[in-house]
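In the two complexes below, chain A is the common chain; its partner is chain B in one and chain C in the other.
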Partner chain A sequence: MLRFVAKRMMLAVPTMLLSASVVFFLARILPGDPALSILGDSASEEAIAAMRTRLGLDQPMLVQYLGFLGDLLRLDLGNSMISGHAVTAEVLGVLPYTIELTVFAIAFGVVLGVPIGIAASLARNRLPDYLSRFGSLIGLSCPPFFLGICLLLVFAIWVPLFPVISAPDTGTLGGRIAALILPGVTLGIIFLAFVARSSRAAMLEVLPEQYIRTARMKGLSERAVVFGHACRNALLPIVTVTGLYFGILMGNAVVTEIVFTRPGLGKLIIGALNSRDYVMLQGLTIVYCFIVVLVNLVTDIVYGLVDPRVKVR
Partner chain B sequence: MKIAPTWRAGLLAAAAIVALAAHAGPSDAQTAGAQTAPAQSVVRVGIHGADIGSLDPHMSAQTIDNVIHAWIYGGLVRFPAGTIDPSRIEPDIAESWTKSPDGLVWTFTLRPGVKFHGAYGEVTADDVVYSLKRAGNPKTSAFSSDFKSFDKVEAVDPRTVRITLKTPVPSLLGLVTAQRGGYVISRKADEEAGGQYTSKAIGTGPFQLEEYRSKQFVALVANPTYFRGRPKIDRVVYRFIPANESRDLAFRSGELDLFYGRKDQRWVDRMKQTPGLAIEVFGPGELRLINLNTSMKPFDDIRVRQAVAHAINRQDFVKFVGADVVSPNPSVVPLGYLGYTDQVPRFEYDPEKSKHLLKEAGYPNGITIKVLGSNRSFVEPYQLLQAQLAKAGITMELQLVEHTAWHAQIRQNLSAMVVYTAARFPVADIFLTQFFHSASAPGKPTAVTNFSHCAVADQEIDAARVEQDPKRQLELWHAAQKKIVENVCAVPLFDEDQVWGRSTKLDFGHKLEASISFGPMLTEQSTLK
Partner chain C sequence: MAAPADQPLLRVEGLGVAVRRRAGALPILDDVSFDLAADETLAIVGESGSGKSMLALAITRLLMPPENYAVSGRVEFQGTDLVALPAAAMREVRGRGMAVVFQEALNALNPVLTVGRQIEETVRRRDGGDAATARREAIRLLDEVGIPSPERRLGDYPHQLSGGMRQRVMIAIALACRPALVIADEPTTSLDVTIQSQVLALLRDVRRQNGMSMIFISHNLGAVAAIADRVAVLYAGHVMELATVDELFAAPRHPYTAALLAATPRVDRPEKLAAIGGAVPRFDELPPGCRFAPRCPRAMPACSAAVPTIRAPDGEPGRRVRCIAPLP
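Then we have the complex of A and B:
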């Protein structure tokens, strides 16, 4: 098991390096640079040139790249070109907010999505099924910025239950949770719809199976048939889906974080893109890759645990 | 009902979430301001944009930075809060000043007892000299070109600063006003910060830095030793809220006291309905110019440029963007600047005439121009521009790009037409120099924003800068504007004012007519009920 983990982590290194390198060159090919965005629209060419020198951007790209690799070897992600703070510190500062948001969204999706999917499959082509299918279609097609604004209007303005500025910097646990719910629901609703549809489809595949009929024939209660036999098998793919979706949701968190004014990786990456903060962009790519690889690894391990047919070697 | 347990599970989960929400309650989670004692008066500000560029006042010229710099820093002199009239400039760190008869030597006497924030002590002439030299150095300042005419800056004694100029400038006081390169910083703090003044942000203004959380907020607290008296506001939380809708909603839910609005009549009309909200529309107006690149086809032909000028219906633009937030302007300098004139050639709206001019210029079937536009401003009015030009036989192929990329591209002459908005220090010289003097054209080391490569009024602009007779100086500036408009280097549209939303509980303590920082001033007089 330990060997498996170590091997997977080693395989992740080239992935992270490659993606960071792609970002390194892509960002520098884009028109515009950090000097321009630091100094603003009215800066003279002279001042911009001096700033480029200060940031080391006047060096040939290859020299910059070697410097970047050298820093990486020392596990140093560098300092933000805009704020001057260490990238690692900036990332660690906001990482918990993105993680809690994503985990909340995942939990929201699974806790509500699975029962809805099961219920829909059991009531196939009856009202609950139609409702769930219609609802999940809406959930899947509702863009987060629109849903976010709608939720804010309803639950922060008309019925003022939650804050509009969902920045959890008040320090109190209650404040932190209150600042998590609307963004979490906004982010989680697409996942919920996805989980509901996947579990419905999986259940429908399993329900006509022979062993389900056998279970019913030997006189098991419907509850035991559904939960003890059908669900156990049908819901295995949900584990994989959840793992895969974790990365997607972290990406989707960008829009949610902006609408709800939450700190987080998404906001960090958008800010870094707009201001051409190359160092921050490279660092964030590495962090994102690492998280995705890590989550996939955990998914595989969990899959091995819940499905005895799969062995982790 | 066999499926009941599943439904029950779902309902239970939903109920748990609602219960959690109700328990958490909204009041705990207001803003960073809430963690302080309730007796404190905290002004919560919502600003557009994801983060500040820099808290180093010499390093950034973006509105998001300017606004907060003005609360933290002071200069030798300043505009009285709420105005930008150069004739009303008043003492700030300096208590008095004299100038030599030829206007080349200026001597400032510092006010005793002006202290820097924290433990950085009293402002000395050495700090002022250090700051002005720093502001004039392209390595440490975005505004170095403003200080080109400086010969020497010396500390005569700890309370006296002498500035010697190579050539007279139209407004020396403008350069040492509390704004841009005129802000005074602490030498000791800068040396300690080692090139990262953002982390220190030591100034002499009414508010001092408490905490900067990147991509989230900057928190300021009252400067207890502010020489005009301790501010009545205890704390300011300057929060980055990039989404327009989120700022509006955050005000409606009572989480903001002051916020950056939108330069859009529909927004103004809609927000006017909000109880407790006052809309502040104030100067300086930013002049919206359609710059036509005279160095390349097709705009190297004046007839084509005239065709554009005749195709533009300025009044329609004012109606489209909103009479509350923009004022039509026929000249190439923002309204009200020292040296402004509206006595310039006018091009009446006449699309038929445009077509005729194009035909004369050898384009009987009209022209097609490719235009790059920023995704950050003017996005909707571009459609009106497209429609107006189309009537005159000019097809405009617009490509909207991300703002920083756009900026890099227009500085490389990649767009024949550049629609740009700007305000500068309210004296005609700076605006004319940066936008219409040939030295400021892209491609030159001294390039700033002369996107039209205009070179028709260099003589007048240069002469006015050193002219000592105020009447003659005005004449030269007027002549420059006439020439630029006549040659259609740019088609001016309108001045856009600054638009902010303010809670009626917040009183600035002064009348807000204009602000050099593009945002309201918070001073020692400002209060929050």
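Then we have the complex of A and C:
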């Protein structure tokens, strides 16, 4: 098992390196001169040249690239072109908010979606199944910004159960969780719908299997057959789905954070986009890539733990 | 509850199974009747598509989902009719009174649970008891089915075992139920020939040692001759002939049985094999009258007039044959 984990981790390193390099070169071939966009159109030639030197853009590409890799090793993503603060520090400062929002949304989706999917599969083509299928269709087709505004209107303004501005730093754990609920539900609803559908489909695939018949042959109760034998197999694909969705939801979190005025990567990204802060954007993209790679790594390991057929070597 | 001595362990009477479809019910098994005494082995033979496996599933009520099947007739097991039994009572019969050895153990065993867990849960379902006792019993069962160093195999997953080992585990699970009746549904299909004979011998031995009755479902007449006391020949959902192994192999009464025997390779009669022309009819295109008539070399117009009743041929009260003109 340890060797399996170590091998997966070794594989993650080149993936991260490759993704960081792609981001670096993408930033370099994008149209527009960062120096120009910082100083504005009226800047003099000398000022632009001086700025290019300050940003290191006058160096040959290879030198820039090697410097970039060296900085990356020291977790230095450069300094924001606008505020001058270290990108790493700015990102790490707000990253926990985005992570906790994403984790909440994932947990919300799994905790509710799996039982709904299982219940729907057991009541196939009866009322609970129709309800869950209809519900998940709505959930899947509901854009987060729209749902977020609706939830705010209903649960923060008409019935003021939750704060309108989801400031997480109220000092208490309760306040922090309360601030998570509306944005977490908003972000997680699509995932919930997806998990419900996936687990229903997976159960329907597993239930006719011959080993389910064997379990019934043993005289096991229907509960033992469903939970002891069917679920174990049906939930394997949910592990993969969850890993994949973590990255998607982190991306979606941008919109949710804006709607709920939450701190997080979302605000940072929008700000960097508006001010064409290339260094910040490059740093944010790399952080996103690293998180996706890490989550995939964890997914691989979890899958190896729950499915004995995966070669743990 | 032990059945009275004069009563068979299992009495199947006029069993019919139809698949419910939108276009109407499609009958598969029809008027299937036989008895099985304690300590006896009955073989059910027939070609693929004759309804053999469905018979096993109908007796154990494992046809899934149940609402898709219409079952008629009686399956009397230890004096109780299983067809009408409530689901909860049926669960008590399964895993206690009867157990099934399924074909293709790779698919019949749960891929994500260890062999030990799958045997132990059967033991605990049968006897209750704690985990340690169940573990000891699982080790004993694996040993009984001839798996070497059983305590080390408990932690293995099905995919880590060979085909023969998996089938032995399947047999161990059936034995864990300590059933009065074990139904072996083509237990040697997916195995190599040498392993086949080992598994066959194992089944015969454990049946004898545990005093169980067995229904042995197969298309392999050689295996049937080696293991069974009596044989029921199934064709397109009808029992065509029912006889002891000796009677059947010595003198088949039904033309289908005769054709089946002629199509079986035998060491003692190395002449050319005779294939049966045509194929088993589809269940939605059953011929009128005798279902074998279109392929029968002795067919006459009367054969297609009505389905022949199954009856004892002249002078052999113990046999049954479904033919209006049985072979002499």
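Just so we're on the same page, the second predicted complex is superposed on the first by the 237 of 313 C-alpha atoms of A that agree within 3 Å, B and C clash if a C-alpha of one lies under 4 Å from a C-alpha of the other, contacts with A are read in each partner's own complex, and residues count from 1 in each chain.
Note that in this section a residue touches a chain if its C-beta (ideal position, glycine included) is under 8 Å from a C-beta of that chain, and two chains touch if they have at least 3 such contacts.
This structure is a prediction, so every number in the text was calculated from the model and none was measured.
Now for A:194: first (chain B), second (chain C), both, or neither, which partner does it touch?
neither
Identify the partner contact of A:216: answer first if only chain B is touched, second if only chain C is, both if each is, neither if none is.
In the superposed model, A:216 contacts chain C only, not chain B.
I want to verify the contact counts: of chain B and chain C, which reaches more residues of chain A?
Looking at chain B versus chain C, the one contacting more residues of chain A is B.
For A:40, using the defined touch cut-off, is the partner it touches chain B, chain C, both, or neither? Pick first, second, both or neither.
first
A:278 contacts which: chain B (first), chain C (second), both, neither?
neither
In the overlay, answer first, second, both or neither for which of chain B and chain C A:236 touches.
second
Tell me which partner A:208 touches in the superposition: chain B (first), chain C (second), both or neither.
The answer is second: A:208 touches chain C but not chain B.
Which partner does A:260 reach: the first (chain B), the second (chain C), both, or neither?
first
Between chain B and chain C, which residues of chain A are contacted by each of them?
none
Give the list of chain A residues in touch with chain C in this complex.
Those residues of chain A that touch chain C are 207-221, 224, 228-229, 232-233, 236, 306-309.
Mind listing the chain C positions that touch chain A in their complex?
57, 60, 62, 64, 91-96, 99-100, 102, 104, 107-114, 121-122, 125-126, 157, 159, 170, 173, 176-177
Please name which positions on chain A make contact with chain B in the complex.
Against chain B, chain A makes touches at 30-33, 36-47, 49-51, 53-54, 80, 82-85, 90, 93-94, 108, 111-112, 115-116, 118-119, 122-123, 128, 145, 149, 152-153, 156-157, 160-172, 174-179, 181, 222-223, 258-261, 263, 267-268, 270-271, 274-276.
Per the contact definition, I'd like the list of chain B residues that touch chain A in the complex.
2-3, 5-7, 9-10, 13-14, 17, 20-26, 28-32, 34-35, 46, 50-51, 53-54, 59-62, 65, 138-139, 141-145, 195-196, 198-199, 212-217, 239-243, 245-246, 249-250, 252-253, 255-256, 401-409, 411, 422, 424, 434, 440, 442, 444-449
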